[in-house]
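In what comes next, subunit A is part of two complexes: it sits with subunit B in the first one and with subunit C in the second one.
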Partner chain A sequence: MTLGYALTIGVFIGIFTILTVSLNILTGYARQVSLGHAAFFGIGAYSSAILAVKCGLSFWAALPITIVITALVGVFLGLPSLRVSHDFLVLSTIGLNFIVVAIFNYFPFFGGSMGIIDIPMPRLLGRPLSNLEYFILTLSLVFLTVLTSYYLSKTWGRLAMEAMGEDEVAAKSMGINVPKFKIYAFAISSAYAGIAGSLWAHYVGSVFPHNFSFDRSVAILSMLVFGGMGTIRGAVFGAVLLRLIPEFFRFVENYRMLIYGGLLVLMIMFQPMGLLGKGSFIWNGIESLLSRLRSRGMRAVE
Partner chain B sequence: MLIWQNLVYALVLGSTYALMVIGLTMIYGILKILHIAHAGIYTLGAYVGLFILLHLSDNFWVALPLAMLASGLAGVLIYRGMYYYMLTKPRIIPLISSIGLFIALQELYRLVAGPYQKAFPAKFSFLSIKTEYLIVTSKQMLIIVLTAVFLLALYFIINRTKLGLGWQACSQDIEMAGAMGVNVNRVVALNFFIGSALAGAAGVLMALYRNSVYPTMGAVVAYKAFVVVVLGGFGSVTGGVVAGLLLALVETMLGSLEWFEFPRDAIAFLVLIFTLMFRPKGLFGR
Partner chain C sequence: MKGILETHDLSKHFGGLKAVDGVDLQVAEGEIHGIIGPNGAGKTTLFNLITGYLKPTRGRIWFKGRRIDGLGPHRIVKLGIARTFQIVRPFTELTVLENVLVAWGYRYYDTGKVFWGRYGSAREEGLKILEFAGLKERRNLPAGALPIGLQRRLEIARAIALNPSLLLLDEPAAGLTEEEITQLKELIRKIVAQGLTVILVEHRMRFVMDICARITVLDRGRVIAEGQPREIATDPKVIEAYLGVSKEAKGVTS
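Let's turn to the complex of A and B:
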C-alpha cells in the first residue's frame, strides 16, 4: 500500500467519521432514527460543488456557506419529525432520501444523472493542496467535529435531547421545548453532514446522484449502530473499523453491503448499544479494567 | 381509447401493490412491525420461480405454487428467527433489523444469482382480449384474474374461517386473544405464511410481466408498499387494496403525461410524507 493510497483511505475514513458523529447527535442523543443521512451529505456535497463550479467560490468560502445551507435544509427536512415519530419517522427519512436523489437526478441545475464534474481541489498559498495536506485538512475538521460534538454532549441541550428521546411527554412536562430541540438536532446533524459533503466533493472532484443513495444512509447507520449509539467514541470507532476492514481484506469489498446489512441485524438483536456503547460487554470490560488499575495505583501511592 | 388502456396498466400495477400490501398490513395490524424485508420475499418468489422454470418444469402453473410455498416458509422463518425475539422491544428495533435483513437479502441474491437481469421463460396459455379499442395481453389478464382470485380467497379466510376470527381477535388485542385461548403463535406464523406467499406470488407475476428477474427488483417496492400501507390506514386489508389500486392509477396517469418526467417513485414518497404529516391515521383510517 503506497502512502498516497493510505492518505486517500484516510480522507474517506475522516469523511465517514464526521458523518457518523453527526448522525450520533440526531440518532444517538435525540433518538430520531434517520435513514436519510446520505441526503444531508449529498446536499452538502452538491451545494459545495455548485458554489465552486458555478459561482467560482474557493473551498474556504464555500465551506461556511455550505454549512449554513445544510443547516437550513436540515431545519426544513426535520419538520416531519414534529408530526411523525418512531418507525414512521424512519419511513419518512427513507422517503426524503429518495426524493432528494430524485431531485438531483431530475433538475438540470444539479446536472442530472451526469452530475457535476471538475470541482477544483482547494488552494492554499496559490497552489492546490497536496494529498497529504488534504488529509491534514480532513483530520483537523474531524477533530473540530469531535470536539464541538463533545462540547455539545456536556451541555444542557444534550440532556434535553436525551430526555425527549426517552419520553416525549415526560420531557414536555419538565418544561423542555420538544419541537425546538428536535429541529436543533436535525439542523446540527445536517450541518456536520454538510462539512463531510464539502470534503467529499472537493476531494473526489465530482458528485453524482447515486453517490448519496439510500444504501449510503444504511451504511452510515450501521457504522453508528456497530460502534455504539449515543457515544462519540462508538461513532468514531464504528466508522473507522467498518471503513478499514474492506481495505485490509480485499475480497470483502464484494460483500460490503451484505456485511453492513447483516451487522445491522445481529448488532440490533444482540448488542443494541454497539461494541463501545454504554453497557456493551467490551466497554464494561474496559471500565472495570480501568477502575482496577486506578485502585491499584492508589494503593501503590499509599 | 388511451384511458381504458391506461386503466389496464394501472390495474396490473395495482394488483402487485395489493398482493404486497396484504402481508404488510396484516403483520402491522397484529405485531405493529414495519416489515421492510417483505420485499426480499417478493424477490425470493421471483428467483424461486425462475429456478423451477429453468431446472424442473417450464410450466408456469408448477412454478407459481412452489414459489409461493417457498416464500411462505421463508416468511415464517423470518418471524421465528428474528421478529419473535423482538416483540417486547421498542418498535424501532425490528424496523432497523428488517432493513438490515432486506439489504443483506438483496446482496445474497446478487452473490448467488449474479447481478444481471434474467429473462423469465414461463409457458402458459390464458385468455386475452384484443379489440380495436383495447388490448389486454394474456399476461395482464392472468395477473388481474389471479389477484382477484387471491383476494376473494383471502376475504373468505378472514370472514368465514376460525383462522380469520383468530386474526381479527389478535389484531384487536393480542394479549387478550391469547388469554381467550387463541394460539397466538400459530396465528401470527400463519399470518406470515400467507402474507409472504402472496408477496412471492407478486414477485413471480411481476417477473413474468416484465420478463426479468434481478436482485434489486424489490428495492423500490419495499418502501413504496409502505406508502400504500400508510394511505390505506394501517392494518386495514380493504383500505390497503383500495389504496394500492389508487396509487397505481395516479402513477400511471402521471406517467402517461409526456411533459411530466419527475420520477414516479419520488412522488409516491412525497405523498407518503404529506399523508403522515397531515393525516397521520392514513387516508382511509378512522
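Let's turn to the complex of A and C:
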C-alpha cells in the first residue's frame, strides 16, 4: 500500500467518522432512527459543489455556507418527525432519501445523472492542497466534529434530547418542548453531515446522485450500531473499523452491503448497544479493567 | 382569597363519552386536596386537562389567577404546575441523578444556554433534591433498576426539581407496601411544609382520608361531593357511587 493510497483511505474514514458522529446526535441521543442520513450528506456535497463550480466560491467560503444550508434543510426534513415516530419515522426517512436522490437526478440544476464535475481541490497559499494536506484538513474537521459534539454531549440540550428520545410524554412534563428538540437534533446532525459532504465533493472532484443513495444510509447506520449508538467513541470506532475491514480483505468489497446488513441484524440481536456502547461486553470489560488499574495505582501511591 | 387553582365548567368529551363534565374545582393554596371516585370517574382526565396534556372541550382553568387552558404541557410546567403519572414514567436508561437533572434543566431548555450550559453544573442541586426524597444513595443507578416504590419517589423528586407551586400526584400510593405508604405520607407532608400545594388522585381510601384537608369526589365526570374527609366518608351520594344502590333500594328511598 502506497502512502498516497493510505491517505485516500484516511480521508474517507474521516468523512465517514463525521457522518457517524453526526448521526449519533440524531439517532443515539434523540433516538430518531434515520435511514436517510446519506440525503443530508448528499445535500452537503451538492451545496458545496454548486457553490464552488457555479458560484466560483472557494472551499473555505463554501464550507460555512454549506453548513448553514444543510442545517436549514435539516430543519425542513425533520418536520415529518413531528408527525410520525418509531417505525414510521424510519420509513419516512427512507422515503426522504429516495426523494432527495430523485431531485438530484431529475433537476438539470443538479446536473442530472451526469452529476457535477470539476469541483476544484481547496487552495491554500495560491496552490491546491496536496493529498497529505487534504488528509490533515479532514483530520482537523474530524477533531472539530468530535470535540464540539463531545461538548454538546455534556449540555442540557443533550439531556433533553435523551429524555425526549426515551419518553416523549414524560419529557413534556419536564418542560421539554418536544417538537423543538426533534428539530434541533435534525438540524445539528444535518449540519455536521454537511461538513462531510463538503469534504467528499472537493476530494473526489465530482458528485453523482448514486453517491448518496439509500445503501449509503444503511452503511452509516450500520457503522453507528456496530460501534455503539449513543456514544461518540462508538461512532468513531464503528466508522473506522467498518471502513478499514474491506481494505484489508479485498474480497469483502463485493459483499459489503451483505456484511453491513448481516452485522446490523447480529448486533441488534446480541449487542444492541454496539461494541463500545454503554453496557456492552467490551466496554464493561474496559471499564472494570480501568477501575482495577486505578485502585491499584491508588494503593501504590499510598 | 381565591384558590391557587380553579376550574369553571371544565369538560372533556370523547365523542359521546363525557369523561369530565362541567367540573368546578377550587383548590386553596398550601393544602392537600384529594380527588377520588370510582374507576372511569374522570380523575386522570382532569389531571391531563390541568397539565395541558388534553385540551378542554369546554370550560376554563385558572392557575394563580391566570388562564392556562389551551397551553401545552411544557409551558404549564414553567408556570409552576408539576405532575407525576399513574403508570410511572422514569427515564429508565438515565441514572437516578440524571432523571432529576432533566427536570432541573427546565430553566435552560428555552434559553441560549441549552447547548452551552453543562448539566453537570447542577449536580449539587440535584443531589440535594435526591436527599430530600431519600434517594441519594441510589443516585448512580439506572432509574429502570429501581423497584416501583422508589420509581414513584423518583417521579416526585423530578417534579420537585421543577420548582412548582402546585404538585399533581396521580395515584402515588398505587402498588406500594404499607411501609412505603407511611414513608410517602411523610414525604408529601414535607413537601407541603415547604409551601407547595398538592392535589392527589388516589384509590386507597385510608391514605386519602388521612392526608387530605379537602376531598372532591367525581363520578362519571361530574363532581358529586366536596368537603372535609369526615363529611365525605358519610355522604350517602359518595357511598352510592362507590357501592352502588339496587333499583329496589332506589325505589324505596325516592
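Quick notes on this structure:
Following the convention adopted for this analysis, the second predicted complex is superposed on the first by the 302 of 302 C-alpha atoms of A that agree within 3 Å, B and C clash if a C-alpha of one lies under 4 Å from a C-alpha of the other, contacts with A are read in each partner's own complex, and residues count from 1 in each chain.
By our rule, a residue touches a chain if its C-beta (ideal position, glycine included) is under 8 Å from a C-beta of that chain, and two chains touch if they have at least 3 such contacts.
What you see is a predicted model; the values in this text were computed from it and never measured.
In the superposed pair of complexes, A:290 makes contact with neither subunit B nor subunit C. In the superposition on chain A, A:55 makes contact with neither subunit B nor subunit C. When the two complexes are overlaid on their common chain A, residue A:252 makes contact with neither subunit B nor subunit C.
With both structures placed on the common chain, the touch criterion links A:221 to subunit B but leaves subunit C unconnected.
Of the two partner chains placed by superposition, A:6 touches none, neither subunit B nor subunit C. Once the two complexes are laid over each other on the shared chain, residue contacts for A:147 go to neither subunit B nor subunit C.
Of the two partner chains, subunit B is the only one touched by A:269; subunit C is not.
Touch counts on subunit A: comparing subunit C and subunit B, the chain ahead is B.
Within the complex, the subunit B residues that touch subunit A are 34, 82, 85-86, 89-93, 95-97, 99-108, 111, 223, 226-227, 230, 261-263, 265-266, 269-270, 272-273, 276-278, 280.
Across the complex, subunit A is touched by residues 51, 53, 72-74, 77-78, 82-83, 85, 89-94, 98, 101-103, 105-106, 108-110, 113-120, 158-159, 162 of subunit C.
Every residue of subunit A that touches subunit C in the complex is listed here, in rising order: 152, 154-160, 162-163, 166-167, 169-178, 181, 184, 188.
Contact residues on subunit A toward subunit B in their complex (touch as defined above): 33, 35, 79-80, 83-84, 86-88, 90-92, 94-96, 98-99, 102-103, 105-106, 215, 218, 221-222, 225, 254-255, 257-258, 260-265, 268-269, 272.
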